[in-house]
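Sharing a structure, written as structure tokens. Questions coming.
Naming follows writing order (A, B, C and D), and every chain is counted from residue 1.
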Amino acid sequence: MKELIRVENLKKHFPLKRSLIEAITRIPPRLVKAVDGVSFTIKNGETLGLVGESGSGKTTTGRLILRLIEPTNGRILFEDKEITSLKNEALRKMRKDMQIIFQDPMAALNPYMKIGEAVRHPLKIHGIGSSKKEQLDTVYNMLEKVNLTPPRNFYNRYPKELSGGQRQRVVIARALITNPRFVVADEALAMLDVSVRSQLLQLLLDLKNEFNLTYLFITHDLATTKYICDRIIVMYLGKIVEIGSFDDIYRSPAHPYTKALISAVPEPDPKIQKSKKKLIPQGEVPNPINPPSGCRFHPRCPYSIKNLCSVEEPVMKEISDNHFVACHLFD
Amino acid sequence: MRSEKVIEIKNLRISYLTRRGPVSAVDNVSFSIMKEETLGLVGESGCGKTSIGNSILKILPKNSSIEGKILFEEKNLVELGEKEMQKIRGLKISMIFQDPMTSLNPIMKLRDHFVETIKTHKPEISEDKAEEMAEEAFKAVGIEPSRLKDYPFQLSGGMRQRAMIALALVLNPKFVIADEPTTSLDVIVQAQILELLKNLKEKYKMSIMLITHDLGVVAEMADRIGVMYAGNLVEEGLSEKIYYEPKHPYTEALLKSIPNTKPEDKKLIYIPGNLPDLINPPTGCRFSPRCPKAMKICFEEEPPIFEVDGSKVKCWLYKGAEIVENERVNQS
Amino acid sequence: MSLKNYILTRILLAVPMIIILLAFIFLILRIIPGDPVLAMLGGKAPKEVIEQKRHELGLDKPLPIQFFDYFFGLFKGDFGKSTLTGRPVLDELKERFPATVELTLFAFVIAVLIGIFGGTEAAKRKDKLPDVLARFFAIFMYAIPIFWFGLMLQLLFGVMLRWLPVAGRISPAIQFEPITGLYIIDSLLRGNWKAFVDVVKHLIMPGTALGLVISSIFLRMVRNNMVLVLSKDFVKAAIARGIENKSVLYRHALKNALVPIMTVMGMQLALLLAGAVLTETTFSWPGLGSYLVLKIRYRDFPAIQGAVVFFAIIVVVISIFVDIINAIVDPRVRY
Amino acid sequence: MNEVKNKFISHHIGSLLKEIFGSGTGIITFIGAAILIFFVILAIFAPQIAPYDPTVRVSRSLKPPSDEFIFGTDNLGRDVLSRVIYGARIALTIAFIAVLIAAAIGIPLGLISGYIGGILDRIITLIMDAIYSFPGLILAIAIAAVLGPGILNIAISIAVVYAPTYYRVIRNQVASIKDELYVEAARAIGARNIVILLRYILPNVLPSVVVVLSMNLADAIMTEAGLSFLGLGIAPPTPDWGFDLSNGQRFVLSKAWWGLLYPGLAIITVVLGFSMFSEGVNEYLNPTIKEKR
């Protein structure tokens, strides 16, 4: 499989707002190190899961790749072409090929724009389709594909007239109308009800096959990744701790954090649940302004090695075929 | 076997008056919770599970009306006056809310939350003693007692939920309603809180009603499970029964549509259609429009509750089984 | 941030605000088309007289110099001299200030009492009769121009019923030596019962007129914020812990509802000062407002400028004060 | 946004009426519009409607209301009814001009400041906040005192007071809409800045502009009345509600209530009219208001 996206040492540090006194006394602003040096690739046609708790930097990573926010450091390549420093027109043109599905579909739609217009807008922006009629046909077609049928009925409605699941279908339609190669799904199912969630997961799978898409599937919910993800990246406090195939991560997780994350997923099967060994670390994710030294997970890690984990930052190592982990236990 | 009922709910109906008309949020629901038992109430948003929790403490919004019986300590809470309810809330029945950020008074120190609650119910306790009790409660949930002098916003999300739990348990109530207690938390913190709740339940010997949309959370905690759909309690039974032998087609579909942690089980099954509009609920069984096994009678007549193999099921598939409850009989 | 740091920051922030306000007032009174000297002396004055006056007021200097003179003058407490009386403006302002304080505080207390209790009770009985009445009161009260309301009160209670004096602060017949300048306090301090009754009688109408008009804003704000807060989870949680109604209403809900209101109340206190201009004029109340109007009538520009600057300083001081109280009540403000 | 709105008299009244009538916003808007149309007609056709010349003595002084002079006459024997009718002209003219000037200053500044942000935004905001925090009437008095009488001068004095309000409403809206997810979504589909501004931000700001505009009219009328009551308005004998009230005040002791009552009622009615109308417009233009997320 060819590689579609390559990310090298990507960093994003958000400066905190300073108080007046701090600004006057020229104390440098404190930084939230949301993403702190991540590198990975996404192959053409695969679905890569990006998993982590809140504050892990997964959402920021997604936005960085799409150049919706400016990286502090690092490189992003799309089809071997560097897009890190694309500006204005070139950047706009690129957006045709890279799209995003947001978590909150209500907030992602302009309340004053009819949903048909919202879906058609990308066509207008990129000058796709020779006539209005052609564009409308494309839009109707797309609305049908996301099961908003009959499409003509939906075209003139406003977002507030739709249910949560339907709105998310609109957002998906808008993202896919320009026939993109790569789509970031940022917690796209998190705000939906259980039964609607599975419906939309199925829709995402169907569309992926139909349009030959590559997904970056960002989620806090490890359990949903198994239906859709080929490979999984686990992030903790702005760093990648483990990368591997779905089976690697699920059947033989290496990093203590990944293990904790998996064992923390509530298990509906009473038998499995009773036999399952829980490995729940103490405490919560620390503040990304002052992340722990060395391995960022060491204060909560049950296997933490004295004088090593707290001092030295672990590097990524390949422990089996394409299964990488950043942990001193595997030195 | 624990057989003493802590609370018994009989033919509970809750409706809200909205501009579009009355919404029947809970329709003829009956169940009980035994001593030292955890009952999980599961369902999707709008199924009425939170309304049931709030109706027990009578903290429903003003546009609501309750019918039926909620029996607690030989009293029908539905008929109880506000003054008497105040004596029960927080002392005998406590509640843990979903979002600990918004459920604590933002401009009140944590310590004052405790002192106020204790002094309200037990005015004879001195302020110092109340503070001591608060410290004990904090220790029990694993927070440093010195943090009592903090304001809620100074705590992390998981700590706040611990504080909320400590506050709910400080007077040692015999029944606790936990309404989506872990929904706003991250997975690992969720696991910590569930573990904590389990331990505290053993320690304080209380009964819990756990309200959640997450079947996994219920399975971790509950002895028995009640499944709700569109205001109806469609199935109720022991946790293992519900999981291994679901009787109601909705329970079955719900179980299949939620992801489990078994890596090999990758088949995605979902329930087609949408949740019904409760202003005009479907006639007959409320699940009938989405039910793969629906028969003619399902669209016409509301099913009674049948007792099948130890579980209670509200479904016509079990016609012929013993009827536990026929609502037309009980309606009067 | 500690409270001390917060207060320090807040006062620091007030510095640019004061400078901007002073510059603004300066610009308006000096640069806007229209010549203060001409306006003062009338168009027919001989040229030499005008030049003389200009020199006297320092208006012949370049603008930046004028600004610095004015600015540093203010810093040293020099508000200029009244062209009408020849007295230092600051002295005149100091004499008038207590009257305005007395009127404003009286009105403010009325407004706050009506606002808080009316608003809380209305919110408690949302959509019931008391609530609807409270809301109607607020609507109409606020559409009424304060001076007209004052005139109507004068007509009814002063002229027709003859219950209260129509104008002034104290009857001329009463002999009385002020101490602080706040007559109510002074008359009590002196033990002069007759003076006290007279002072209160004079204060009732203007104070109530001003207070009622402002109370409508408070009432509405308190009510709406209370309705909002009462729908919050922590109120429900407090009820679920068995806390009594009164405690939930006043201890939990009202305190939280007041946090955002307090900032606005501070601003309203400043607005009250503006309202006081009209009220003082209507009731011939010898305060800062009627001083300003009087000076405008006689085109006494140093005095006008001084009075406006004085108002500006009061506004800034009030806003600092309000923010500090806010930070004490709501610790989140500090962080 | 709300905090800004709080400074508007009409906002209070309008939304209170809305609360009282519940879903009957239509009725409020209708009554508001009816009142406004009524006063606009009065202003335009004053010469045809008014029974007498408002500046001319037509009877003896201070005549109580009668069939001939239904609102009575003032101290100079002029017909109060005619003066109230003609008064609408000055009040509405000054209010409209003042609001236009304020909007012309505040709206563009707010748009630029909010969209560009940065240091420019901080400076403009600081200045506008300083003016905003100052009691409006006192500011208007000071400016009017310098400028002297005249319709335009009074309008300018009022406009300076309200321009910061426009600025704040627009700036805060633009700044917060800029961070909305749908604006990010627009960037994600490759929309240009100008397209984002016109199709995503402007439609969401426009309702507030219209609402603030109509609310502001009511306040401008109040302020104008206040200024002319203090003798800073239009030179006599032009009919003006505020001036007539201060004129009538001199005859309070003669119990000549009619000279005071009617101009005041006129002010109250117009203010209520604008408040009701603006609230209705607010409701109509805001599609998100009816259904919350």
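Keep this in mind: contacts are C-beta pairs under 8 Å (C-beta built on N, C-alpha and C of every residue); 3 or more make two chains touch, one makes a residue touch a chain.
Note that the coordinates shown come from a computational prediction; the quantities given were computed from them, not determined experimentally.
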Label of the chain whose CA centroid is most distant from the centroid of chain D: B
Between A-B and A-D, the pair joined by more C-beta contacts: A-B
Distance between chain centroids, defined by C-alpha means - chain A, chain C (Å): 54
Chain centre separation (chain A, chain D; CA means) in Å: 50
Centroid distance [mean C-alpha coordinates] between chain D and chain B, Å: 53
Centroid spacing, where centroids are CA-atom means, of chain A and chain B in whole angstrom: 33
Touching two or more other chains - residue numbers and ranges from chain A: none
Chain C residues counted as touching two or more neighbouring chains: none
For the chain B and chain C complex, residues of the former touching the latter: 57, 59, 62, 82, 86-91, 94-95, 97, 99, 102-108, 116-117, 120-121, 151, 153, 167-168
Contact footprint of chain C on chain D as seen in their complex: 3, 6-7, 9, 12-13, 16-17, 19-20, 126-127, 129-131, 133-139, 141-143, 145-148, 160, 222, 225-226, 229-232, 242, 245-246, 248-249, 252-253, 255, 257, 260-261, 263-264, 267-268, 271-272, 275
Chain A - residues contacting chain D, complex: 66, 68, 92-96, 99-100, 102, 104, 106-113, 121-122, 125-126, 158, 160-161, 171, 174, 178
In the complex with chain A, residue positions of chain D that touch it: 180-182, 184-192, 195, 199-200, 203-204, 287-288, 290-291, 293
Residues on chain B engaged by chain A in the complex (per definition of touch): 44-45, 156-159, 186-192, 194-195, 213-220, 239-240, 243-244, 253-255, 257-263, 266, 268-272, 274-275
